[in-house]
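What follows is a pair of complexes built around subunit A, which joins subunit B in one and subunit C in the other.
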Partner chain A sequence: MDDSSTLHVQKHVEFIKSLDNKKDLESLLTEHIRMNGAYWGLTALDLMGSLNDLDQDKIISWILQCQHDCGGFGGNIGHDPHILYTLSAVQILALYDKLAVLDSSKIASYITGLQQNDGSFYGDEWGEIDTRFSYGAICCLALLRRLDAINLEKAITYIVSCKNFDGGFGSTPGGESHAGQIFCCVAALAIAGSLHYVDKDLLGWWLCERQVKSGGLNGRPEKLPDVCYSWWVLSSLAILDRVHWIDRESLKTFILDCQDIENGGISDRPDDAVDVFHTYFGVAGLSLLEYPGLKHIDPAYALPVNVVKRVFS
Partner chain B sequence: MQVGVEDDDGDRWIPFSERSEWSDVQPVPQDDGPYPVVSIAYTSQFRETMDYFRAVLARDERSDRSLELTEEAIHMNAGNYTVWHFRRLVLESLGKDLWKELYFIQDVAKSNHKNYQLWHHRRWVAEKLGVAVAPEELRFTELVLASDAKNYHAWSHRQWVLKALGGWEAELSFCSMLLQEDIYNNSAWNQRFFVIKNSPLLEGLDSMRESEVEYCINAIKLAPLNESSWTYLRGLFGNDTKSLGDSQSIGQVCFEELARDRCCIPALSFLLDLVCYGFQPTVDDCKILDSSIEILSSLQLALYLCERLEVVDAIRACYWAWRRSLLPAIIK
Partner chain C sequence: MAGKDDEEVERGRLLLSQLDRLLDADPFIDELGFVHPSELVRLKSVSDHSIAEAADVEPESKHTHSYEEKKQYAGGGEEFAYGHKEHNDLSCDDCAFWCHDHKLAIASPVLLLMYKAAKEAFIAIKKEYLIYPRQDGLSSKSEMIGRNQGYQQKLMSCTRALVLINSDHASAWNARKRILLMGLKDDLMAELRLTRLVLSCAPKSEEAWAHRRWVIGCIKGYHTVLDGVLEGDSKLIELIAERSRMNYRAWRHRCWLVSHMSLTQVSHELRRSKLWAASYVADNCCFHYRRCLLLHLLQIPSSSGDHCNEGTVNKESNCSGSSQSGVSPAMSDTVAELWKEELSWSADLIKSYLGCETLWIHRRFLILHFLDHHCMKHCKYHWHSASEKYVGEVSIDTDRSSQQDALVESEFRFVDFCLSACEKNHPEEAKRQKEFAITYKLWILVMEHRQMLLSGSQRNEAFIQELRDVKSVLGVLCSEKQNLWEGLIPPLLGPDVVASMQA
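Right, the complex of A and B next:
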């Protein structure tokens, strides 16, 4: 059997489950982003059909303990609220079909309070601005069906002001195009029904140029390919309906080559150490490539298609 | 991510529980909710520091020792944003000299220059210090860029400094210097565009287009396969595709590169765009592409270019096939 030619679903499921009760140095150093970690792990599990392998009630009660009075969620219990963890919390509850346990008005008012006059969003009360937070705000509110809580028109104007001469988007106006920021901007515009602001062919071409000889995708010119960019680049291409412009077979091979076939998990590049972040992005990338046996993922909401359909049904 | 265990001079790290000045504080362990806490070997220093941090956070103790505690905690794990938040509260409450904070940040940056919190903290401090700090901030980003020329955070910070605090005087030559070091540095190309578009000391994109085209053409000649310089060249024209199609000199650059290397993908690709925008090369120019083929019309030339690109850039063959399918409607 050619081991790296298939996705080792069961190994990856076991790998993610093993993270649940780990308490080593690595998990200590990342305790503040545990909410992100939970989202990555659980979404990957759901795509592989194993969401129910972990204790849903325990996870939901932990998530609710991470919520602050202001409505925002922290990365773990006792950590300050931030829009990125708030998004992850809402996404996880959407996975479990438990959005109803949330007080959506409270979360909406937290996000409303982060919007600035120019339409941009703070990540938290400390005032960092980044188009990642625009995505966080728009995606989160859309899932809660509360986009009315912000000035969406201004939010869109700000995102469009971050568009560059190469068709891509940066973190702030004038910031270099970067596949991660492009995903955030394009997905936010897609959710807001404003994709007409994107130069689809120009950006589509820039995204295509991210594929390197090994089949992997990089995030900026002259950078090394990395599995997480299979998601950022591919989801952007999927939203623009241009996935077929790249060589899907060689990308699939690149992702599969990044598996740890003994202990499970996926790394950034072949033979590197695995982590839950790249495991999620590898599985999500394969899902966009319609890998057999995986649930389909929605490229804008970064959730399984059936979950998104359920939210909006 | 760095986990500091020893002091710089190699002294033994003293646990907080053994420090007399902390004897009044009861440490607070992380509550991980439902997750079982399996105690296995990890640095006890780190865990203890965080336990004491949670204790001062819980009592909102804004003191000198809290400030020192956050310093230790940040050196051990610069990613914990709540520690940074609390540090700012303490700095503010105690009215600390923020110029000194710049040294602390620079020290942490040595091993954490890709850390969001660090850069956000730096900006918070710089904002408080105002225009006087602009030269220091430009210098700090240069320091980071010297070892990591494409550091996204450093570039973002630099752009913010220029816009908020000024310091544009030498920015274009800074870009030129970086591009001289590495012509493939996409971040420097992006900064160049940013400067031309935004510098109050320059006349803007339209009036600088000609000299920038010249600069860019020279860069292309140095490294014909450089995606960044070709993209920049196209960017200089924005939506003004007519001017691009009318530019004989740019068309000539494509042919010059193709005369050297018939498979030069960016030159083939750019030439295809030019032809779509109305550029009409001579029959002799077309002979450079393939002496055995008689190319009579723009449409024939564009079709030929697409077919070549489908072969030499096979990984993107579907893209080129799509471009080919559009040609009859674009080129009359």
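Right, the complex of A and C next:
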């Protein structure tokens, strides 16, 4: 059996579980985004059918300690709140079917406070604006079933104002098209039921041009391919119903080539160092490609399909 | 074991205080690097040598020279009373730091110890302040102010170390914002220098860029310095972009600056940054920046003249995409001239740099706007096959659609020219050039098709023939994207044509 032709599920599960105990500089330097890390790791575990390998109660109690009086969550205990960590916290609780432990109106009022007159969102009290924060707000409130807490129409108008001539979206009006920003905008519009604002053919074309000769996808013209774009590009194509426009087989091969077969984990490119971010996005990309044995992932909520169904049942 | 841990904690604190002294002694340190200890040794031997040399030859002039350089590098807005102190009085760990000529190198093995110490201090100070947040227990107001200042100073010093080592530590940046809000303009200028120092080491750091925007937002209150800051930032990004290619965050910051520019500044920027763009033709960010500038030109009201700094200040860059094409203020000759220049320059670049994706994307943008609206009226401009360049033609004024047809035909001639390009020495580039040329032709056809839909006109025979030809060439030149062409092109041909092709 050719080793790099299959997904080494058990190795990746072990790799993710091992991350919790590391004490090196790298893990120290990522302490402030631990909430994101937990979401990436746990969602990957769930897609691989191993969510219950980690101590659920311990994780939930840690998440709750990251919440501030304003309702927002920090990236770790003692860190300032931000919409992106708030989204990750809510996503993790959705994974565990424990949304009920949250005071959803408190979170909703935090997010309400971040919306601006033009419909955009601050990421936190300091006023940086980005379409990623629009996605964070909309996805988070949808999971809490509290979309009524913001002016959704204005939020949509703002996202649409970030559309470019190539059909893509940037971080702010006039910002360069970038696959990560495109995912945020397209997924937010999908959740808000406003996909008719997306130029599906033009954007689909731009997204397909991200596939390079090796089969991997890049995030912008002239960039190197990177496993994380298997998610950003592919999820956008999935929402636009255009996944069949790319060469799926060669993309699958590219992702599988980025595995560390010995120690588990997936890297950005073949033979680079692995990390939890790319491990999650590699697994999620394979899930969108319907890799056998993986749970299906919802391209807009970035959660397993069964979790999303449960939330909205 | 506990003994060893204590030792390490102590060493971390000591290193941290040394770092503090180094940074306080020279507020103009503008470059930071984390290096292997062996590199530190090498740097030391080189600088000892150069110091000795400088001491031989008139030390005074050397000093002046570096001051002049500094002024230039600081880009106008960040000048500051030059309070340079000699390093000699600083006793610091030779195995940990090297600081010379406003450059600071830190040996990577000490980062972990220092970071731990800074983090510990940060947590401790925050806690202390939370426990005694107000004047409770303090006898006088001056005592309270004194204690608060001590607290602020400690917080500024440990957060500085945190963000230098970990530029994305948002909570540390935020703690600084809270303190700066109580302070003065001079602190803001110093803060700009700190973000520059951090960015010299972590040019892609999102939080550092966001903090810099926040500081500039605060400086906006002081109009006298803002212009200098904006120009300084534009230069800063070119410096950073040279070392860190296609840096989305840096260029986003530069596009953000566009929203503060006047017509004169924009045209100056467009012409000035041409040389840079031509040296980095594969950097899409840079060409996106030009698109921002070009679109901004269309949005500056022509009557507002050159002194419209105030009028054009917006929260974010104004330069939205084609979605706002409805707004087309009367275009001044200057604006038309700049757009025209860009179209012709773009063709020159495409001819010189074979197979460069960003150049073709830029042309897609240009042609879309030429076909779409404003530019048409002023730019009678065509590809001249015989001379292989774009020429301005004095066309007898015809109606809009025939002008468009002429432009499209001219672009098709340009595409044919590029398709015939064969470069024996660079077969890969030539192959890519052909791929991009034919997809560019498809782009024009797609844009034409959209206009047909808008105007309700029918696809004519010529259009369908062009599209079929393009599809078959794509099948040969870009066969690995066959799924895309099969998805994209048939709907443009229309159902009856597709049926007849399959028959």
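In the analysis below, the second predicted complex is superposed on the first by the 313 of 313 C-alpha atoms of A that agree within 3 Å, B and C clash if a C-alpha of one lies under 4 Å from a C-alpha of the other, contacts with A are read in each partner's own complex, and residues count from 1 in each chain.
Throughout what follows, a contact is a pair of C-beta atoms (placed from the backbone, for glycine too) under 8 Å apart; a residue touches a chain by one contact, two chains touch by 3 or more.
Predicted model only: the values in this text are computed from it and were never measured.
By the touch criterion defined above, A:D271 reaches neither subunit B nor subunit C.
Of the two partner chains placed by the overlay, neither subunit B nor subunit C lies in contact with A:D69. In the overlay built on the shared chain, the residue A:L29 is in contact with subunit B and with subunit C. Touch criterion met: A:V160 reaches subunit C, while subunit B stays clear of it.
Applying the stated contact rule after C-alpha superposition, one finds that A:D20 touches subunit B and leaves subunit C untouched.
In the superposed model, A:G78 makes contact with both subunit B and subunit C.
Applying the stated contact rule after C-alpha superposition, one finds that A:K58 touches subunit B and leaves subunit C untouched.
Residue overlap on subunit A between its contacts with subunit B in one complex and with subunit C in the other: 24-25, 28-29, 32-33, 74-75, 78-80, 82, 124, 126-128, 164-166, 170-172, 174-176, 178, 204-205, 208-209, 211, 213, 220-223, 244-247.
Here subunit A touches subunit B in the complex through residues 20-25, 28-34, 55, 58-59, 61-62, 65, 74-80, 82, 124, 126-128, 164-166, 170-172, 174-178, 204-206, 208-209, 211, 213, 215, 220-223, 244-247, 250, going by the rule given at the top. Subunit C contributes residues 111-112, 115-116, 119, 123, 126, 165-166, 168-171, 174, 177, 210, 213-214, 217, 246, 248, 251-252, 255-256, 258, 282-285, 288, 291-292, 295, 315-323, 356-358, 361, 364-365, 368-369, 446, 480-481, 483-484, 487-488, 491 to its touches with subunit A in the complex.
Of all residues in subunit A, only 24-25, 28-29, 32-33, 74-75, 78-80, 82, 118, 124, 126-129, 160-166, 170-176, 178, 201-202, 204-205, 208-209, 211, 213, 220-223, 242, 244-247 touch subunit C in the complex they form. Listed in rising order, the residues of subunit B touching subunit A in the complex are 1, 3, 30-43, 46-47, 50, 54, 57, 77, 79-82, 85, 88, 116, 120, 123-124, 150, 152, 155-156, 159-160, 163, 184-187, 190-191, 193-194, 197-198, 227-228, 231-232, 234-236, 238, 314-319, 322.
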